[in-house]
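Shown next, in structure tokens, is the structure this report addresses.
Think of it as A, B, C and D in the order they're written, each chain with its own count starting at 1.
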Amino acid sequence: MSSTIEDEIVRDVLQRHQGLVKRIETKRRGRVSIEAEKDYIVEIALYLRDKRDFSQVVSATSFDAPDGDSYAVVYCLWSLSHRVLLALKTSIPKEIPRLRSLTPFFESANWHERETHEMMGIQFEGHLDLGRLLLPEDWTEGFPLRKTFRLQG
Amino acid sequence: MRRNSYRRRTHAIWHSILSICDFLHHLRRLHNVHTDLCNGFHLSGESTPPSDNCFPRGGGRRGSMLVAIDGRSTMTINRVKCMAPVRKLLDWGRLSSLWPVHIATGCCSPEEMALVSPRYDVERFGVLPLPSLRQCDLLIVLGLVTHKMAKRLKLIYEQMPEPKYVMAVGACAVSGGLFWDSYSVVKGIDKVLPVDVYVPGCPPRPEAFIQGIRLLQQKIRRERKN
Amino acid sequence: MDLFNLLVKVAVFPGAAFISTYTYFVIWLERKLLARVMLRIGPLHVGKYAGILQVMADFIKLLGKETIVPSNADRALFMAMPIIAVGIASLPLAAIPLDEYWVIFRSDYSLLYILGVFSLYPIVAALTGWISNNKYSFIGGLRAAYQLVGYEVPMHFSLASVAILSSSLNIVEIIKKQSNVWFVFLAPLSCLIYFISSLAEQERTPFDIPEAEQEIVLGWMTEYTGMSFGLFYLAYYVRLCIGSLLITALFLGGWYGPPIMPPFAWFLVKSAAVIVFIILIRGAFPRVRMDQLLNIAWRILTPLAIISILATMALQAVIGTIGW
Amino acid sequence: MSSLLRVNWGPQHPITGHLRFILDLDGDIVVNAIPEIGYTHRGIEKLAENRNYLQVVPLVERVCNIDSFNVSLGYVMAVEELMGVKVPERAQFIRTIMAELGRIMSHLYWFAIFGVAAGLFTLIMWPIADRELFIDLAEMVVGSRVTYSYFTPGGVFADLPDEFDKRAAKTLAYFERRIGEYEVIFLHNKLYQLRTMHVGVLDSRKAIELAVAGPSARGSGIRMDVRSDEPYAAYDQLDFEVPVEDSGDACARAKIRLREMKESVLLVRQALNKLPEGPIRVRVPPILPREDAYSRVECGRGEFGIHVVGQGSDRPYRLKISTPSFRNMSALPHMLKGARLADLPIIYHSMDIWPLDVDR
């Protein structure tokens, strides 16, 4: 049993979701990053939650992927019992910015997804309340964190 | 393309909430300025609750004045041609009892806490923070004001009784400061409210706050002479 | 001559002029003392000595402020309420004797009069909260009414022991009975209960629930501006002064004291001590919740007050048999 | 629905600060509480994309300027991870010292507001007065009161001044005595206990589900602290205890923070004793490589995460700030349901939510 918990997680995920994972790596102690197709994100997250106690969504980031016509979405999941932070990455096409929501399964993903929706315009399917969170009620300018949105300065 | 839309938005805001602020700028208090700026201001969007009677909203439903039936927010006691000593007394009372309203808009609010704390104790000058805006005469705008807050700030200013004073504290309240190119920050609250004293700094030290209050007191003392 | 005397008493001492001067200094004292508790200086630069003119400046400023009447409020009542409040707050003063001679209104039932008038004030509060047509005011007014239900019973029970001890309802008689020993020593439990419930009646911390700033802004006074707020502010402190005078009269031996000072001076010194104590309590305790206040009042104070009545009756019987 | 009273709290309200609550009240009971945030949303994440990585430090600091040491440490660490820079030992220790001072300042500020929430105004003044002493210490090192920009990628901006350790020792000794007084006067005050015990109870299962962060989570019995889970700066060379309370009410959360302040005092002392000699800064490359890095620090309010994506220029391509207040805020509606109106300020402030931190 010389392998660390990070290696075990990587092995598990690779075994279970052989074809779905595009890339998986451990950068350093306590960090795992998984890149997967957008349709399998929920599946992998649920598997991690049930088997490895990744029960909290700590952060959700989204940005214009530097190369190509897609948005990258990164969820950070935290496992309390293993003390491992897992980055779950995916990319979705710019024409149809839709992704299955994690909120029905992770209550903590709620506001993170709302914010991502507001700032990047990504539709989370299955999310019950994607209302305004941070921007003014009468905001009509689009999605501030997209690269197409330019500041006036 | 985006620049255009930004300009359009700014115009929209200017028309909806900042309608007459431009010429309010160089006017002083007690010059019979009607400060009812709230006409045409509506809250919209799903997250807005139905308006309630907590504080009347909008220009039409503004609380009526006791002394000025025509809606002017001036006071009879100032219109009465009273003797110089009495006027002096009134001014003295006003400048030595400035009650600031509790409204935190940005990151300068910890410094306001320091201002009332034992080391800087601003109650020495008669500045006593009060919870309700109905009793207050000084609006200290602490730091940046977002577009979302600007509407509420105007509402708060509206509901304070005359005579009232505004102090812009922090670089953001003066000019937008560090967030000068942000999409959601108002570049200087003088676009929204008539400001009496500017206190620059990011955040200003409490000493600067106190200087601002002293300057305001000087201003009140001079106001009547002009 | 009688009429002149009465007028002097009403207008000067112990009437309007006296109570307003006293209130002025109490407000100043509260701000100054509270500041000391908080390690601050308090008012300093307004007035030559220690910010003594601060309160005057506040009131002059309030005089010059605009008065706003909310459009949905009942206009006439809204404007009348502050004046009614000050009137009702200062009514009990009529029956409080600062000396055997200096009393405006003599009656054999003056204690009942004071109790009746003193507990009118929460009704003013509830009414004010109602007519302001503001939700915070409304909640504050309701809370004032609740609070009335809470403290009134133990308060009256605790005063029953005073009446038993002095076998009189006349405050002058009650004070005279204390020439040898103050009632606070004969009925300490009643004194404590009365003190606690009078804190609740005056809406002082820890029972300032109707004005709880953190929840409902300024409670039932939220909508008041300018001098109408100033009048409520005044009424609040007038009640504090009168409450402390009343405690002095009922439990602390009124004007009796070593003959180094005139009697009324003793009266004032004692009541000022009570006020200082009340202010220090404000500096040290957080506010309790409404349901906690009702719990304290009904589960603890009321049974204790009944025990105190029984104890006092027993004491009175003992005193009666040994002929003291 | 008609029997419910809808009350607005904020943004001008004595206790809410920069946000607004919409409350549905049934008598004294809160049926529904909807927080409406965004009143201080400055778009820092967007602004950071238009500044170079050094200019971003002051911006990030404004996210939570009462705890700016810890917050800027998070950003700086992310940039260093991206560049693969190794920070010298002395800088790590100085960072730890300043971060702990920042934690004390942040907790003192929280303590002041928590006191007011219960209606005790003395408790505004005392902790704020003590906070001034720590501000003095920071001012001695940095020169400004609240916003420091002291940490830079590659180290710290300047070395500690000569008399710093003496002055720090004096302040810490005073403050240690002072914490004892706070405990006696406030936490053991019967009325205070009456107000805070069994109020706003958050059990550990729900706390994990809602991803509550920092001292608020530790108050619910969750042992979770980035300083020990994933040691950064010099925390791996210092020993400290992570305080945990099980009851999950407002009183427990208050106790946690007081105990943490004690721990911080000990940590600063340890770090000052072990402070090695050496350089305080290394050179860093001028551009951010095409990678991404996620760094976490334990700031006063809990876990603070910064996700930096580089794009081969001197500007961050994307900066995501994940704040503890945002997480706690999203948990708040669940906690407020069924509470009494009078308990609302206490529950809200026991979570130590800083609205600027929520909105970014």
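The working rule: a residue touches a chain if its C-beta (ideal position, glycine included) is under 8 Å from a C-beta of that chain, and two chains touch if they have at least 3 such contacts.
As the structure is a prediction and not an experimental result, all values here were calculated from the model.
Between subunit B and subunit D, which partner chains are common?
Chains that touch both subunit B and subunit D, as defined above, are A, C.
Would you say A-D or A-B is joined by more C-beta pairs in contact?
A-D
List the centre-to-centre spacing of subunit A and subunit C in whole Å, with centres computed as mean CA coordinates.
62
Distance between subunit A and subunit B based on Cα centroids, please, to the nearest Å.
43
Once you find the CA centre of subunit A and the CA centre of subunit D, what distance in Å lies between them?
25
Let me have the rounded angstrom distance from the C-alpha centre of subunit B over to the C-alpha centre of subunit C, please.
Result: the chain centres lie 37 Å from each other.
If a residue has to touch 2 or more other chains to count, which residues of subunit B qualify?
Expected reply: 47, 52, 54, 117-118, 131-132, 146, 148, 181-184.
So which bits of subunit D are touching at least two other chains?
Residues 7, 13-14, 38, 41, 43, 46-47, 50, 124-125, 129 of subunit D each touch two or more of the other chains.
Out of subunit C, which residues touch more than one other chain, so two or more?
Residue numbers touching two or more other chains: 38-40, 135-136, 213, 217.
What are all the chain pairs that meet the touch criterion?
Pairs flagged as touching, ordered by label: A-B, A-D, B-C, B-D, C-D.
Per the contact definition, I'd like the list of subunit A residues that touch subunit D in the complex.
It comes out as residues 29-31, 55-59, 61, 63, 66, 74, 76, 78, 80, 83, 85, 87, 107-108, 110-112, 115, 119, 132-136, 144-145, 149, 151, 153.
Quick check: in the complex, which residue numbers of subunit C touch subunit D?
Those residues of subunit C that touch subunit D are 34, 37-40, 135-136, 139, 205-206, 208-209, 212-217, 282-292.
In the complex, go through subunit D and note every residue touching subunit B.
For this pair, the touching residues of subunit D are 6-8, 11-14, 17-18, 22, 34, 36, 38-44, 46-47, 50, 58-59, 62, 65-66, 109, 112, 124-125, 128-129, 131-132, 135, 145-147, 355-356.
Could you pull out which subunit D residues touch subunit C in their complex?
Interface residues on the subunit D side: 5, 7, 13-15, 28, 115-122, 124-126, 129, 185, 189, 191-192, 194-195, 340-345.
Report the residues of subunit B in contact with subunit A in the complex, numbered from low to high.
Going by the criterion above, the answer is residues 2-3, 5-6, 9, 16, 43-48, 146-148, 180-184.
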